Amino acid sequence: MNASVEAAVPRILLNVNGIEVIYNHVILVLKGVSLCVPEGKIVALLGANGAGKTTTLRAVSNLLKAERGDVTKGNIDYRGERIERLTPAELVKRGVVQVMEGRHCFAHLTIEENLLTGAYTRKISRGELNASLDKVYQYFPRLKQRRSSQSGYTSGGEQQMTAIGRALMANPNMILLDEPSMGLAPQIVEEIFEIVRDLNQREGVSFLLAEQNTNIALRYADYGYILENGRVMMDGAAKALAENEDVKEFYLGVSSGERKSFRDNKFYRRRKRWLA
Amino acid sequence: AEEQFVPLLAYRTGSFAPLGIPWADGKMDYLKLVNERDGGVNGVKIVYEECETAYATDRGVECYERLKNKSGGASGFDTQSTGITFALTDKAIVDGFTIETVGYGLSQSADGSVFKWNFPLLGTYWTAADVMIQDIAKKVGGEDKLKGKKIALVYHDSPYGKEPIALLQARAKSNGFDLQLYPVTAPGVQQKSTWLQIRQSKPDFLLLWSAGIMTPTAIREAQAVGYPRDKMYGIWWASSENDVQDLGAVAKGYNGITIHNSADHGRVHEDLKKHVYDKGQGTDTNGKYVGTIAHTRGMMISMLQVEAIRTAQEKYGKGKHMTPEQVRWGFENLNITKERLEELGFAKLMRPVKTSCKNHMGDDWARIIQWNGTKFDIVSDWYQSDKKFVDPLVKELAAKYASEKKLETRNCDAS
Amino acid sequence: MAFFLETLFGGLMTGMLYSLVALGFVLIFKASGVFNFAQGAMVLIAALSMARFSEWIPQWLGIESLILANVLAFIISGIFMWLIAVAIERWVLRYLVNQEGTTLLMATIGISYFLDGMGQIIFGSSVYSIDVGMPKDPVFILESVFEGGVLISLEDLTAAAVSALLVAVLAVFFQYTSVGRALRAVADDHQAAQSIGIPLNRIWVVVWTVAGIVALVAGIIWGSKFGVQFTLSTAALRALPVVILGGLTSVPGAIVGGLIIGVGEKLSEVYVGPFVGGGIEIWFAYVLALVFLLFRPQGLFGEKIIDRV
Amino acid sequence: MSQAARDQRIGDIILDLQNISLAFGGVKALTDISFDVREHEIRAIIGPNGAGKSSMLNVINGVYTPQHGEITLAGNKFTKMNSRRAAEMGIARTFQNLALFKGMSVLDNIMTGRNLRMTSGILAQAFRLGSAEREEIAHREFVENLIDFLEIQAYRKTPVGRLPYGLQKRVDLGRALAMEPRILLLDEPMAGMNIEEKQDMSRFILDVNEEYGTTIVLIEHDMGVVMDVSDRVVVLDYGKKIGDGMPDEVRQNPEVIRAYLGASH
Amino acid sequence: MFYRENGQFKSTYRADQQIFPIRQDRFFILLVLLVAFLLIPLLASNYFLQAILIPFLILSLAAIGLNILVGYCGQISIGSGAFMAVGAYAAWNFGVRMPATPLVVQILLGGVFATLVGVVFGVPSLRIRGLYLAVTTLAAQFFVDWAFLRIPFFTNYSSSGNVSVPALEAFGLPVQTPVQRYLFVLIFVAVFALLAKNLVRGAIGRQWMAIRDMDVAASVIGIRPIYAKLTAFAVSSFIIGVAGALWAYIHLGSWEPLAFDLNRSLQLLFIVIIGGLGSIVGSFFGAAFMVLVPVFLTNVPHMFGIPLAVDTASHIEHMVFGGLIVFFLIVEPHGLARLWSIGKEKLRIWPFPH
């Protein structure tokens, strides 16, 4: 392969190939999901509640075991290496970190301690550690103010920031970000996505991003997959998806060109679709 | 050939294992000896099965249920536990199995007219307590000198430990000494406060009704508060080698009581070595327990069991299998004479014993031993309990039991 | 007065011993959220190992020196405890990541059964002794002040000193190392800790080993006082009220709790016990802890239980 | 319903909060906040993360006790609320971080909402006496209607812990509705939902409000929803009130833009 | 293929609220009851009845009681042995002091007293939670142990502290032989299991579970923690107390406080957790495990003629038992009951893999 082709087609960083996931030996949740994340790109994973977004991320980061889930079929490669058998810790060392849905901060640790634990896998000097910490505080000034509060007592938004900041401390190549916008004030949502873009462009971090907020996700992502019921329904470049009529209708809430007021819905759309 | 089944309840695990292991070995070894040396009882081989109770009542009950009907019926249960004895006493009446409790059990069950199936052979806690007081009296120069003395009882807080209290109270009243009671919660590693109190009240003598780890702990605590070991008397379950040998000199002077003379050695030990251990069939492979007090006592228990079977065979047919009821008769009509003891190799260990319908205990000889730092020395002559104190208690409590359980009392004079 | 002082000292010394066992609990709880019921069994197996190896080593190697035998036995027992920690991680904890507290608690009860059985199979179930040369005879102080003096057991004093030292070392180790933080993180949320790359297995091996060593020290002290036997495993029961009184997550709590319980139960037994038939110290310790908790549900130094909606 | 018709329906002040202050140690969650809620209205609370919105709800239904201030509920004054009293007076709520009963089925979760209305004694329940059985069935019917309404029939017997987040939110709402509340406090009911679901949820909130006349206090970060659905909006910022009024007024308020909305809105 | 609920539609809520809405389950339960009441008394040996079935049933009952507290209401208790003891001694005292009291009434009164004590020791649960509470329940354990050991009144001044029951009879029928005892216990267990099931699937059961899962949310919807927790303690200790009285009267006949010591409490907690927290059938599974495994382990070496010394056997038994507990927890942390229901779920979709 020559250099120019390599530049044109970015290397595939993460390749998920036809995986099936079963919880508790009986609940089949993913029914053959394939997707890939090219190096240095932001890939969005969209879909309704329960579609299996979180499950997909867990399968990649190997946090499924703790939920009594299993990948029963398919394979997952990261930089060409099979990673299904690795422990989460080994993955983090290779640069893959997941930010879990619902924050999961260490409630009894202060915010700063939470952040510091993020650097656990890195064998770095005190100075480097402080530099990383400063970087995170730069991204999230609010955290700096509350650095010595126990994170269990901080507000939802603060916890979300802590969780992302904590992942950043591991200095990852790839972040699996699960619903970062959930419960955040609009300004912060924008901020967080800006930070995502920043990290992506300046530091070359790749993202696999599960989001409900299709609108904003497609705005920042390069490529998108839409999951429905444990299968990939549709995929394509983010721009193309944003233009697609179905996506507009079902995921962006825009029909016939303009945004409808929430008040003007006269019936439940979900039911309508089931009937259709 | 005919077989006779002897169930062996034992505790080789749990807090009391250090005592339980040699005891159980002794019981089994003697049965092996009888089979090897004599070919059984008049040709009837003895079969046995051990069952682990861990000193827990419910497991004991399970063992009993499992073993009672084995191979033509159990010849007798040595429960090795006061608690299990209580539980089985009620069942055995209904089912018809002998409970053989050598040196423990319900003291009032010496009254065979009420307790048809129980045999607290050779002595009970009442006789033991009485003998201890006699020895103390001798040391202070007569029973009248006991007046005003302070005697403490440090006891395992369970039916086992509480058993001697009734007798000691009767004695205290009559002899005028001051009885102090110090219960120790099982398993007995926690005695610091007890011994602080003892250090303060300074009793003249101290009786120790302990078991398992409680015994060495008590002796260590005695050392820690400076209580003289030679003022302490341990009940037979608290005065075997395993209780003190790790303490060595710390326990020097510590007194114990033996049932008959279980501290001594007899020909039976040589027989055991010759017929069992030399053939590599000993229960305890390296034989380090043989000759220890607990092991010897185990053999005594089995010997009494075997003699009961033999006695029964004399009445109901030599060389035949005996039913549980027939074995019971054997227990009730034991007459182990001096000559018989000689034959059995127990001459130095025991004095003659004779039971009857009225008296299920037989003869309660005992001696005092003292730890000299490496072994127990026999330091007293033979004692027998003072029936003036023991008998009324047996009568009273047996009668109470009979009325509570609505039991018919047998008329022992009739037969 | 002299008697009161004796009781007080006795209580303090006993309290230190409780603290030592309690410390094992606290370490494991703090680091993994596991309420380790097997701590008692670990004390037993560690003590058995120490007792037996210090007896066997002279036989095997023909060493005369008691000190050398003890040192070797200590090292071997330490390794033994490490092996146990590895085994527990490998065969138990690994599969129970992210499970609820009750499940983990049960698992440790299972472990304690296993260790009880295994220890006795390997090492036997009789009484064994540990002789690390602790002074046994009583000494009397303040003889000029009180008649008969105040009795102090040098053995207790040594034991208390060793305990205090160990506690101090551990407190420092856990407070000021980066591992310490990771440990607390794991206790809060297994999954989140995993997600940022804290290797649970390694952390657990470390903690259980440390707890094993603490158990070993506790076992040696208790064992040399009372002899080593199955009953030692009940030592844990005495330490439970200490743990909750001090707070499940607090190292200093284990110490202060131990002292309070130690003194409380001895004073109660000696001064109240005789009026109600004695033997009250066990439940008294628990009731004392209970009453404290009514005022501070998280224990003296425990972390506040966070509940927010 | 048209806006005019809505305005017509909105009645008197049902809930009035005066000078509420709440602090946790050094953290001042709420400082001297007053606002009111009128009957039948949909009242939104917005504000940046950590502004004290959830704390406000917690004060209203007695989970937190404010250090200062007074709550007037349906004409009764309280300086202290407790959650049981709030529930008895008809306040129900949902939770931001899902406070469902994880081990129970969807059905049971929603049935607990009927708790205050179930009166049969323990013995009657143990023996399933006729009265207890009838009561159970009557409430079950009510709850089944709710389940239909929320479209979670298929999950009726599933333990809620296993449901995806969005459905759990719906169950949470169902449980609150089962109380047939006068005032419904919703803490970010639409977080983690996609647009379609948000539309349904909005419709739903409006339906509840219009059909049953339930007063609603709503915390939400999606400005689209807030602006479209609510009648009045109060804005908090770090425990202080920085705005209160009609959605459009609030949207224009420069301080609100600075503190919360950001430039793009 | 055979375990399907297809085609079993419920047209009324009443039908859907039956204990066993699925026909096959009803069948199964009926079968179990038939076997238990008819077949076993005819066929089982005395050993099987006395040493296995009776303890199994009584432990199941106690476990149901404990499960209400731990599994349904989420209050861990390591002191249940104490409530068994209270039940046993209270019943016995009525028997001794008022011999006219019928046997069943004695046993129920035992339950009533256990309830009282249970409620007293339940009060701290209003403030203390989780493991802290678990440890404080040991206060009940040790206090009660102590009281029955040291307060002679409770043992009617029996010198040894050991008490025993006279010949039993109920409703004029003797309760003597193993079969009679077994049936007597079985009736108790069946009735109480039914009542307990009714409670946990009714309004009060939901209150308990709500408190267990999320107490703040529970109080927000108007559940009073005091009421819910104390009723859980009350009901639970009542059942445990009755089980204690049965254990003493029927299984042991004669006992001392040691019969209800900490080991008993731990054993019950085991049963509940191995069986499955928050599951009535789970209590039976757990009890079966608890009773059978040791018996099995002691008998297996004999069956194969392996000459194991009893102590080694007992130590191995400890190890195997501990190992099994861990094994089952790993296989299914939610206990045998969950394994059972997963099994049923698999059966339902069988022969298709999903």
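Per-chain numbering from 1; labels A, B, C, D and E assigned in written order.
By definition in this document, a residue touches a chain if its C-beta (ideal position, glycine included) is under 8 Å from a C-beta of that chain, and two chains touch if they have at least 3 such contacts.
This one's a predicted model, so the numbers in the text were calculated from it and none came from an experiment.
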item	value
Touching both chain B and chain C (chains)	E
Between A-E and C-E, the pair joined by more C-beta contacts	C-E
Longest centre-to-centre distance from chain E, chain (CA-based)	A
Distance from chain E to chain D - Cα centre to Cα centre, in angstrom	41
Euclidean distance of C-alpha centroids - chain B vs chain E, Å	37
Chain centre separation (chain B, chain D; CA means) in Å	75
Overlap residues in chain D, where contacts from two or more other chains coincide	54, 63, 95-97, 99
Where chain C touches two or more other chains, by residue	120, 125, 277-279, 282, 308-309
Per-residue multi-chain contacts in chain B, two or more chains	12-13, 17, 21, 157, 183, 185
Residue ranges of chain C touching chain E (in the complex, touch as defined)	35, 91-92, 95-96, 99-103, 105-107, 109-118, 120-121, 125, 237, 240-241, 243-244, 248, 276-280, 282-283, 286-287, 289-290, 293-294, 297-299, 305, 307, 309
Chain A - residues contacting chain D, complex	23, 27, 46-51, 54, 101-102, 142, 149, 153-158, 160, 179, 182-190, 212-215, 250-253, 259, 261-263, 265-271
Touch list for chain B against partner chain C, complex	12-15, 17-18, 21, 157, 181-185, 187-190, 192-194, 196-197, 199-200, 212-213, 216-217, 220, 223-226, 242, 246, 250
Of chain E, residues touching chain D in the complex	13-14, 17, 195-196, 198-199, 202-204, 206-207, 209-210, 212-214, 216-224, 231, 235, 278
Chain B residues within the chain E interface of the complex	10, 12-13, 17, 21, 24, 50-52, 54, 56-58, 61-62, 65-66, 69, 82-83, 86-87, 89-91, 94, 106, 157-159, 162-163, 165-166, 183, 185-186, 397, 404-406
